[in-house]
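In what follows, structures are represented as structure tokens.
Across the two complexes that follow, chain A remains constant while its partner is chain B and subsequently chain C.
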Partner chain A sequence: MIKYSIKRIFSLIPVIFAISIILFGLNKIMPGDPVNMMIPTSAKPEQKEQLRKEITEQLGLDKSLPEQYIAWVSNVAKGDLGYSTWKNDDVKNVIADPLKNTVILNFFVLLLALSISILAGIRSAIKKNSIIDQFWQVFSLVCMSVPTFFIGLCLVYIFALTLKWLPSNGMPADLNNIGQWVRYMILPVLTLTITSLAGTIRYVRNAMLDALSQDYIRTARSKGLSEKVVVYSHAFRNALIPIVTVVIAQISTLFSGSMITEAVFVWNGLGQVLLTALNRRDGFLVIAMNMFYAIVYLASNFIADITYALVDPRIKLD
Partner chain B sequence: MNDKKKENAFQKFGHSLKSLFSGGFFGRKQLNVLEEEEIQSPSKVIMKNFLHNRLAQIGIVGFLFIFSFTFIGSMFYPMDPLYTEPLLQDIKPGRGYLSYDEDLNKAGVKDIQSGATFTIALDNDGKVYSWGQNLEGAFDIPSEVTDETIAKIAVGDRHALALTKNGEVIGWGYNNFNQDQLPFEVKNRLFDQKVVDIFAGDKYSAVLTDQKKLYVWGSTMTNHLDIVPDEYQGHIKEVRTSTYNMLLLLDDGRLVPLGVSGSPLTDNIPKKIASGELKVKDYAMSFRNAVVLDDQGKIHVWGSTDNGLLNVPKIKEKVISVAGAKNALYAVGESGKVYAWGSDALKETNVPADAKGTKKVYASYFQMYAVNDDNKVIASWGNNGYLLGTDGTGRDVFIRLMHGGKVTLLVGVIAVLISAFIGVLIGMVSGFKGGWLDNLLMRLTEIITSIPFMPLVITLSSFIGTQMSSDNKMYLIMVILGLLSWPPLARLVRSQILIEREKDFVLAARAMGIKEHSIVLRHILPNVISMAIVDMTLNYAIMMLQEAALSFLGFGVQPPMPSWGNMLNAAQDSTVIQYYWWQWILPAVCVLIAALSVNLIGNALGDAIDPKANEK
Partner chain C sequence: MKLLEINNLHTYFETKRGLIKAVNGVTLSLEEGRTLGIVGESGSGKSQTAMSILKLFEKNQKIYEGEIKFMGKNISDSTAKEMSHIRGNDISMIFQEPMTSLNPIFTVNRQISEVLRLHQGMSKKEAEEQSIKMLESVKIANPQRVNKSYPFELSGGMRQRVMIAMALACKPKLLIADEPTTALDVTIQAQILRLMNDLKAETGTSIIFITHDLGVINQMADDVAVMYCGQVVETAPVDKIFQKSEYIHPYTEGLLTSIPRLDSDPKKRLDAIPGAVPHPLNLPKGCKFAPRCKYATDKCRNEEPELKAVSPDHNIRCFFPVKRGDK
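Take a look at the complex of A and B:
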């Protein structure tokens, strides 16, 4: 097990290395001069030259490309993600709050989507081709074919603009008021839940159908076990194996997947930060965000692999 | 009984579809019992399974509908991407702007004037009629007007005025600039004068008094029309209005401009007309042009070169009257023929054949009416309305949906083809070759999948495509989407090859001594390719949704080129969501229909290829 983990980690190193080179290259081809953006427009022309020199040195842009790359990578390894020219602050500090907001939002989405899809998926699998099953099949087909933001816009139109029950977008003014948080979160959480249900219900249903068609289910039935025991104790436990791994692998979409929804609801999350950073031509922030996404993805995939092996003793490693 | 009939019709439809596909391609005949028992080729079986699937039939019909709507429809409705019309912004869906009230012809027409989307008419009995689409309440004639006998009417783009027999002015409609009621200052000046005529233009109104004085109010900040020079006051005989200017005919025969000066309209007035040497019998204005009819029956045109308004058609007869819409001018000949020139964007110059025997054309903004000697309306032309409304810059949503759909569908197809080419190639190489090459290629796919798709696409699109033209940006989006979406397909192809390679029929083929390359080409590849086709189909739906999302965020296809995604970009504004539903629901529904049809086709294809998966 440990040997396998170490092997996996080592295989990740070249991937991370390649990603860092790609992202560093992207930063270099970004149009616009980051130094120019940091010089205050109020500065006098002769001051500007001086300032330009200082800022170039401060950002390390006077060195050669490989040197810059090494400096950047070692900083990232130390946890220093760079400097945001848009906010004039360390990237770490800039993304701290949005990171929290995104995680809060997506935590509830995952919770809701998972519980609904497990309940509905099992239902659908047991009563295959029943009306409930067909309803969920159609539901997931439609949800897969509709743009995410359209669901969000429809919810805004109905609940915020027409019925005026909920705010149409934005963040709670008073960050300590839980009631306000709930009011502002309902619509984005609902939007993201509906979109992610499309995939997860299908997945749970198929995993469950797979489990139900196994020989040990027939054995359990022939032993005369009640249907409840067969379904929930025999089939569901086995179906959980692929479900758990998928959930863990979905942790990365926790951070990156809500970008469009955040844009619709002006939710101050990571997606919004990336969009603003792109509009403000804040290269370091953009690259840091992408690097962050990539590392989260690789880490969650790694954990998913390990858990898969842990929960299913039949899996042989090496 | 009824149900059976329906089913029959449906089956017939299915059969005709089937014969369309299989009959044409494979020359398939009706099989007899013995032939039925024979082995059929896998592609035939897949085709049969696919076409017998109800959902697949729905998907095909849906996709054909979308395809013909966009690709064939856009051939019939050409689009000028740079066209804008500020006066027609955010118009609700609706047609019939030109369906005039027949009752009007009973007493005879006295005047017809149109606003941006509606028309108000006055008959010889002093009764007022209105038709077209309501805009800011300008269509709803107030009861004070219907109760009175009306002498004159004046219609602006979004408001209207009526002058009663007693000289009272009543206004209604859009009133942000108070253009619908006489302001206090003007009323004060009118204490010893009587209003004899009323005028209205873009959000402004004017009255002419019996002392030949003109007073203008409303939105005059940009056009300065409220400043009437003293030398003209007391001599004004006739007035014509346009957005930024008025042309006044003075009692000494001079024609003088009012409002913003320095345009070809105000500076290029022919000398003979400006000095009054040439007698003006009739005149009219368009947005930035004017036409004058002299007493010899000849016309003189000047102003801006926009819309070809200076290219007057050859008129061999005497002209009896002239008229001007916003972007077109008209002249009526002695024979009753209507000559029209200028913009045809809203069919302004498309004079119908029934307009023979015309005496006068009533034209203002975008709706035109021809009236004959008996004062009866004989023809109407121009903008008849919008089936699906207009967007925030006055463009027809219906036409943009067709052309935008073309872009969205095309971006998806090209992106899928690029991604399929790379995916299949890489998948096959790593599946067949194995070894270090396989390892390297799989690392490459891992690198690409580990950076989340949407953030990376947006980053690339904004880094590379900053100063690109609308066309190039569209190609860029196709390439980016294609280059980043192949890893799942490559993995599928690779794993499918690994699975198929180990199957018994391959072993059997090998045992029979069939050559290796023939096993690959004839036994393994067909199975892999059919899976790849299913994946491509489902991927196509995803690509369309991605394009929509990208353009919605403003990182995709750039305006003025329409795409369903960038039409949805308007919905970033909550007033659009709340009040202009047709601007965002319609493109989203189009995306939904297209993606749903493609998904249905893809799912049905998958079921047809692998029937076992469906039995689960």
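Take a look at the complex of A and C:
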């Protein structure tokens, strides 16, 4: 398995290079000119020409595309992700805080969504067609059909406007105050949890139903094992194999953030940064973020492969 | 002594379209140390009779009437806790599908140890040693290696041996084998049958052997119960069924004549019982076999016969049992 892992990691390197070339190329094809965005509108026409030339040279945009690409890659290798034309700062500094905010937010979402959907999914499967099962079925159908922003707005209406328990949006003013963090995080976390619950509950329920209907469950019962052992050890361990797929897919959303929810709650996360960066034609920022997503995606696929082998002995990696 | 006595057992499924009477008044008994073969077509209720003994039920299934006496004690109304003490310990079961009856993601060791630790309170290490011993006793060539294997690494015959080892791990008084060789090819089937007979001779475990194959019954059983539509239609010692009795149930006769033989005339059509098992929601009035019986009279179509003794150890549920030799 270790040998396989090392082989896989090395095989990712050319993939990452290929992605970086494609992203770099796409970014250059993208209409719009970042330099235009940087010239103050107050500048006089003759000054504008002068400024444009200076900025273009400063950013290295006058060189040929391969030269630009090589310069960028060698900078990235040194840990310099480029310069953000929007914030007039290093991309690294621009991303740091939003990345942290997004990861914190989505970490709790993942934790909550997973534990609720696994518990509720198993219960629904055991008590198939009971009231609990039907509740979760309707719940997930409704939440899957209603757009995220609407769920967010409903929660804001109930908890912020009517009950006045929680702030409707924004970030904590004092970043070191945990109480404030919690107060500001509850609504966006709840919104995202509800959305991601909808699908995973059904998934867990069906995986469990499938496992519970297998012959080996009858064998386990015929051995005198208690219902608890039958369900949580024999059935759930088997149901875990398809569930892993969904869980791993959610890891990448942990980092990508949710543009819509972040917009509703004015949460300073990666989704917001990417949106603005695109609108401002902030090339280096866009490439850096897309590269980051690509790597997270590759990594989670890699983790999925390894996890499959861990939960299912029939899968041999070599 | 009677190890198991089933009296007038009724096990029904409750469905939207009505009650399905899978087991509809079964009366059976099994002497200690003997093998009872239960034969019948698919849907005759033989598996459901076995499931009823261990109460391995679907959610919509339960015993409506009757009793199951195991070692003199009625177990038909036992609680889940009492049942889990009996299952795998006093009564074990092996199933038809060795390919799917073992949990694919646990090792053989884990699956055999589980019963030993649960019922005998063994430590992990003791259970592992005992598990290897059990694999040896079912004549698996390399018990240490197989003990560490996963089911997918074993062949069908090997898996059924593992199932038998698991079922016999706690030295049960009764082993229920539900078509254990149906999914195996003939040579493996012969090996498994021989193994079961050897183990029975060694341990004295009684066996209920369910099959639709009369050839297998002939090899395995001491006594035979023939089932049709959730009822027992004939019970007798095995030799009486196959040749020695004066009378026989028309259904049993039909089963016997429909066995293909190697020495029969290849140009002659195989005998078969006409028609099919009636749908459980639409059972005929009177004798359940009457619609397919070539000897049926009006009485058969309107009244239901009881299981009656034609000789001390031979019971037939028929008004007009067929006399052997006067066909």
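Remarks
In the analysis below, the second predicted complex is superposed on the first by the 265 of 318 C-alpha atoms of A that agree within 3 Å, B and C clash if a C-alpha of one lies under 4 Å from a C-alpha of the other, contacts with A are read in each partner's own complex, and residues count from 1 in each chain.
Methods note: contacts are C-beta pairs under 8 Å (C-beta built on N, C-alpha and C of every residue); 3 or more make two chains touch, one makes a residue touch a chain.
It should be emphasised that the depicted structure is a prediction, and the values quoted were computed from it without experimental measurement.
After superposition onto chain A, partners chain B and chain C are found to sit side by side with no clash.
When the shared chain is aligned, chain C comes close enough to touch A:Arg221, but chain B does not. When the two complexes are overlaid on their common chain A, residue A:Asn75 makes contact with neither chain B nor chain C. Looking at the shared chain after the overlay, A:Leu209 reaches chain B, while chain C stays out of its contact range. Chain A is touched at more residues by one of its partners, and among chain B and chain C that partner is B. In the superposition on chain A, A:Ser5 contacts neither chain B nor chain C.
Of the two partner chains, neither chain B nor chain C is touched by A:Asn268. In the superposition on chain A, A:Ala294 contacts chain B only, with no contact to chain C. With chain A used as the common frame, chain B approaches chain C to a shortest CA-CA distance of 14 Å. With the contact threshold set out at the top, not one residue of chain A is in contact with chain B in one structure and with chain C in the other. Listed in rising order, the residues of chain B touching chain A in the complex are 443, 446-447, 449-452, 454-456, 458-460, 462-464, 466-467, 541, 545, 548-549, 552-553, 555, 568, 571-572, 574, 577-578, 581, 584, 588, 591-592, 595-596, 598-600, 603, 616. In the complex of the two chains, the chain C residues touching chain A come out as 54, 56, 80, 83-89, 92-93, 95, 97, 100-107, 114-115, 118-119, 150, 152, 163, 166. Only residues 214-216, 218-227, 234, 237-238, 241, 311-314 of chain A touch chain C when the two sit together in their complex. Touching chain B in their complex are the following residues of chain A: 14-15, 18-19, 22-23, 26, 29-31, 141-142, 144-150, 153, 156-157, 161-162, 168-169, 206, 209-210, 213, 252-253, 255-257, 259-260, 263, 271, 274-275, 278-279, 286, 289-290, 293-294, 297-298, 301.
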